[in-house]
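The two complexes that follow have chain A in common; it is paired with chain B in the first and with chain C in the second.
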Partner chain A sequence: MKMIRRIMVILLMCAVALIVGGSAWAGDTIKIGIIGPMQFVQGKGHWNGATLAAEEINAKGGINVGGKKMKVELIQSDSNEFLNVTDATNAMELLMTKEKVDFVLGGFRTEAVLAMQDIAMEHKKIFIGCGAAHPELCTRVAENYNTYKYFFRGTPFNSKLLVKTSFLHLKFVGDILKSQLDIPALKVAIVAEKAMWADPMVTATEGFLPKIGMEVAGIWRPSAVATDLTAELKAIQSSGAQMIYTIFSSSVGIPFARQCGELKIPAVQVGINVEAQKDGFYEATQGMGNYVFTMNTYCRGVEYNDLTAPFVESYVKRFGETPPYTADTYAALVYGLAPAIEQAGTLDADKLVKVMEVGEHKVPSGVVKYMVDEQGRQLHDLTWGPGYLTSLGVQWQNGKPVGVWPNKWKATPESQEVTYKGIADYKIPPWVIEAYKKK
Partner chain B sequence: MSLLRYHLRKLFMIFKNEVLVLPSRIVVCIFFILLLIWPLIFEDPYAMRIVILASIFAIFAASWDLLSGFTGQINFGHALFFGVGAYGAAILNRQTGMPPWGSIPLGALIAVLAGLIVGIPCLRLRGTYLALTTLAFPIILASLIMTAPEYTGGEMGMSGLARLAMSRTANYYIVVVTMLVLVTVMWKITDSRMGIIFHAIREDELAVKAAGINTTMYKLIAFSLSGFFAGISGGLYAHFMRIAGPSTLEVSMSFQVVIWCVFGGMVTIWGPVGAVFILFPLLEFLRMWPEWRELMFALIVLIILLYMPGGLLPWVRNKIETECPRCKIRNVAFRSSCRVCAAEMK
Partner chain C sequence: MAFDILITSLINGSTYAMLAIGFSLIFGVARIVNIAHTAFYMVAAYCIYFTTYRLGFNPISAMLAAIVFVAFLGWIVYLIFIRPIREHEQAVLIGTIALAIALQELMLIAFTGDYRTVPALIKGFAQIGHAKVFYQQILTFGSVFVVLGLMRLFLMKTKLGLAIRATAQDRETANLMGMDESRVAMMAVIISVGLAGVTGAIIVPLTTIEPFMWNHPLIMMMAVVVLGGMGSIKGSFYASFILGFAEALVVFLVPAGAFLKGAVALSIMIIVLLIRPAGLFGVQFEEER
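This part shows the complex of A and B:
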């Protein structure tokens, strides 16, 4: 009994020492909460990017806050938002009230981020969203500035612009097919996984294709976790489509690309295929994923500016993979938050908002400038376009992802051509060339 | 004055002779009191949030027990009522500016309508067929929500709803008191004549029909009542979270409620409520081990169900209380004779 009592006392003393010691240490650090689905690749990206940023900042002695160097302390919070939105809000509340973080970065699923945003705003903490793309997150800032001014979009640019970029990719590849294969009118098969987020994109694509002189060959909606897509692919082949516009975020992207390659379907794949954004795509498709084209933020060898290569290479060196877009927590911390804190000389959220929402700064994926809406109201949303953020069009060539867009891209007839360093030419799969040259 | 004294004395006697004699009733009393004084002791907003959400889900879980536990109408799509309540309240609040005290009950009435819509075609089905059919309804509604994003917010849901109250403490009392009242009402329903008929329908519907009771009507009542209570919880959830989204209709939401009820003990009302108040904070506690969290949670639930197939709380209750073999009145386990009929307790 005495022994148990002794152990209890020791444990209690340890707990007190931890609490006291912990809080004393916390006084000299800036606590940053990294919230995201940590058991999934998106959350891992959030955490890895932030880890790299914190190490870089701390190696330089920390952030200068009004003459005092303060180190960055990261607090990981698993939002579990893919499975449970309530869980995500509890995680955010925990960061705010128990961990008492100074800033929060992360979030992915729009529905969860909207709810988490409310909690962060209630506590008047700056929340940089690094995953959800819905415009509503920033519309709230414009419509109710005093409440939502603490929210900033870190990455990606909003979903309307993502769709616009994806359509640019479609037109880019379509133009190449037209010119090289001499096809006057292209037929496009829309293949979107059966998921809610893809529904509005399918409708938008249907409306957009005729505007650029393309025809809708048909719409196919396989399950997001389908493993056999032979029937769909055969139907696409019969429809006479020369292009397949993919809208995939789930595992279906792998069997679709693999079987498309195996069956040598005479149509090129363009669009969004999240699986094709990952480094292991070529192996996963058993080498059949060659020539697949997808939107992506980073691609080894392609540089938006002088910050891209150092970030991508150090990320690859540290984590063994190309950074996903959610790893832009790195950029949000190193090039967004840290300089703003140093400039404002304080951690006061209100003062920081004023600093963060003006001006522009270079990040590894371009230049960040926060937009205002038509009425001149602050949106805290990312500016898209040449000179700012555009993302990349990446094609798998010889087992490697290669940046192929923007390649001499002109946003308007008057604007300058944009080609990033390391961009290569788009390649049409040989079996597609063969199929249409015969005709 | 003497009348007041008489009633107070009567109340005290009931409390002494009916409540204090059984540990389970004392626990329920402590639970009620603890919930009501919690914000006076702990001002922690995070802890209050957990209790608020647990209270909302407790109403939801109890409403499933009312329908599936008592009436035996196994519903694997209970999220439909929760989602309809949430979306109903959200649409009313956003489109008409109706405050939460109006939008929540009206949203619940829309959930009653949903209960009737689901209930009528499902009346001819039983057991597995009913369970699988009900499973489809929230999925159908989720698809419908996607087709009208201008009214429902589509994938992101409807956000920016009015708060229940401005302070966390006020939110707490609104939700907790509502939960205590609604759970008591549900418990009283199951203890009434209607509750006995619900029981009977589950045990032998044919026999109930033979007794001249309109079972169709009672099953529809069960669907509607369950829909109403689940709708209230959905409305409270939407206004507390300030968002009503497709996640309220997810299959996981429907299964979660089944887990709570089976874990806590079905056909009790208080079992699911207790289960939510154990499992919801437990899941939060397990955040300390994020990688193992879901696995540990599943293991705990599995172990409990393996050794206590009737549910945790009835198992505990049976350990501390025993039933008199003669008059069927419950007694504290250590009594040697029944507190009512003085029969010897075995």
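This part shows the complex of A and C:
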């Protein structure tokens, strides 16, 4: 009996040692939480990008932390943030308390990321946002640096700059229509899904169009999940608009493009259509998505710099699709976090923040440099413009996305022209040419 | 513009009518408020996507397979899930909400949240006056009348149809007359869910397939059914076109408020209910007489 008791005690001690020792073993890896809506393309992008990065880093033996090579261990966390923001906060809380991750990358919906940000900051963990565009995420850093300094924007650049870029696209296409179709004054239909993020964009567009000599033909605000847009399209055609400025992040982008193409509405689509950023867009629109123009981060065949093609091609080879912008978890990890850890020689968040917020580094979509605000306070927000991040204007041509902007773009009259390698010419849909050439 | 509004109203209305007719049937006969009705429509849509793109079926075979599968699923669900709690209306109501969410989650796991579409049965559009109308929309519009005609024939000319009508009028008396009320209810459920499948099959080329696609049609279908009068197929038919017309008016007359089209339609429903609580053609049930 005594022997059995002894064995039991030894087994118990072994179990305790294993549990305690587990965390010691975990100390040999850097645990990185990847949080996002994993059932959706955005979350898959987060995970795939990070997976590629982790494989690449681990193949080289890991990250050198003060002379000790540590491998990267990814922890996937489904935020379910499209459906429930509470699920997102719970997921972040679990990453902090149960998984005890060292860093977090991801997030998509601003409403969810704001809440997730608070949790990560409370635990003083570096959180690199790779999806949400709202400026508030970074103004928090400037206004309350001690609390929010652990947050960095990884992608995309903030929504004010997204609007600015989108207006450049609008003018770019407008100039082509004016010159090729000899239309002196263009009418633009603004079609924006009914969502909070789109509201200020609609107001800004209304104010911007007259400044570049364009007229607002009307504003349509369909539901973000509308499936039948034929009524709106008929009304747009009646309004005489030659351009449709789209502001879509949700499923409405598919039926709108499909029905617009099927009905041969004589107006070109320009703007933001998140669904048109995906490789499956042409199939999803049953081949009717040709000529749709949208802002995008990556497009096969277009190179911002020498890092673009290796990343895009290895992503396509591994996952069978062009990386969505949320796959910039790759860049955040390989070119942002890992070099910062090696430079600081530690995983200490406070020391890493000091390293990460200064300097600039090349990524597959340009160059990352963190901005300061007008008062010189750190924002941890991404710098936009030639030489930094600009994104692309992509048009669907013959069933494939083709990069068409920037094409001889000058940010200011004095600036040098910018044209990325692989950029092609914008094409006007034939039915639009037919509708206006004969007039 | 008036012609555009008219055409759009007819197309919108026919879509809602397709869904509401099946829902009305099951409520009128079995007093089952099947919240999962549009979830079956969603399953039919996925079924068509799956059989078309993964199994290589042609569109017609895919549609037929979807209708049969969904009707079979409805039968299984009725036997396992609804029949044991049928007498407790509140339990059925809550249970079918749970069922709808379960079906949504299953589709989310199986197909992820990506948006998908299927090709139209007849591609292209017709120019009617100044209005462009998809052939698929015309097909949907025509299908409503075909389905209604077949339903009428079935209800008026067959023994089962007679039993369904009798049960709808007075369950207890129908039971006393020797009709197997439970079996009649089961058949009504199968037909109703089958109709959801038919709706999915006809409408799916006009819509985007995703796991949450059942939410908006559910709200509109409930509005149609309540406006028309719970359990009244005729009422559902008229109410569908009234709400379709309201939606078209909003889109054409207040373009910046196009997202409000659902809210306006629901407001009309509430106003009608305040004036006529039983809806336009509300069915009188035995306990109310």
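Note that in this section the second predicted complex is superposed on the first by the 415 of 439 C-alpha atoms of A that agree within 3 Å, B and C clash if a C-alpha of one lies under 4 Å from a C-alpha of the other, contacts with A are read in each partner's own complex, and residues count from 1 in each chain.
Criterion: a residue touches a chain if its C-beta (ideal position, glycine included) is under 8 Å from a C-beta of that chain, and two chains touch if they have at least 3 such contacts.
Just so it is clear, the model here is predicted, and its values are computed rather than measured.
Participant: Label the relationship between chain B and chain C on chain A in the superposed model as either fit or clash.
Facilitator: Fit.
Participant: Of the two partner chains, chain B (first) and chain C (second), which one does A:286 touch, if any: first, second, both, or neither?
Facilitator: A:286 sits against chain C, while chain B stays out of touch.
Participant: After the superposition on A, what does A:39 contact: first (chain B), second (chain C), both or neither?
Facilitator: Touch status of A:39: both partners.
Participant: Should A:425 be classified as contacting the first partner (chain B), the second (chain C), both, or neither?
Facilitator: A:425 sits against neither chain B nor chain C.
Participant: Given the touch rule stated above, what does A:182 touch, chain B (first), chain C (second), both, or neither?
Facilitator: After superposition on chain A, A:182 lies in contact with neither partner.
Participant: So which one touches more of the residues on chain A, chain B or chain C?
Facilitator: Partner with more touched residues of chain A: C.
Participant: Tell me which partner A:263 touches in the superposition: chain B (first), chain C (second), both or neither.
Facilitator: In the superposed model, A:263 contacts chain C only, not chain B.
Participant: Return first, second, both or neither, reflecting whether A:306 touches chain B, chain C, both chains, or no partner chain.
Facilitator: Once the two structures are laid over each other on A, A:306 reaches no partner at all.
Participant: Looking at A:225, would you say it contacts chain B, chain C, both, or neither? Reply first, second, both or neither.
Facilitator: second
Participant: Check the superposed model and tell me the shortest C-alpha distance between chain B and chain C, rounded to whole Å.
Facilitator: Comparing every C-alpha of chain B with every C-alpha of chain C, the smallest gap is 5 Å.
Participant: Could you give the residue numbers on chain A that contact chain B in one complex and chain C in the other?
Facilitator: 39
Participant: Which residues of chain C touch chain A once you look at their complex with the stated criterion?
Facilitator: 1, 4, 8, 11-12, 15, 108-109, 112-120, 123-125, 130-134, 137, 206-208, 210, 212-213, 215-216, 247-248, 251-252, 255-259, 261-262
Participant: For the complex, give me every residue of chain B touching chain A.
Facilitator: 44-46, 49-50, 53, 142, 146-147, 149, 154-157, 159-160, 241-243, 245-247, 252, 283-284, 287, 290-291, 293
Participant: Using the touch definition up top, name the residues of chain A that touch chain C in the complex.
Facilitator: 37, 39-41, 44, 82, 194, 218-223, 225-228, 230-232, 234-235, 237-238, 251, 254-255, 258-259, 262-263, 275, 280, 283-286
Participant: Residues of chain A touching chain B in their complex?
Facilitator: Residues in contact with chain B: 38-39, 76, 78, 83-87, 89-91, 93-94, 97-98, 110-112, 114-115, 118, 134, 136, 140, 196-197, 199-200.
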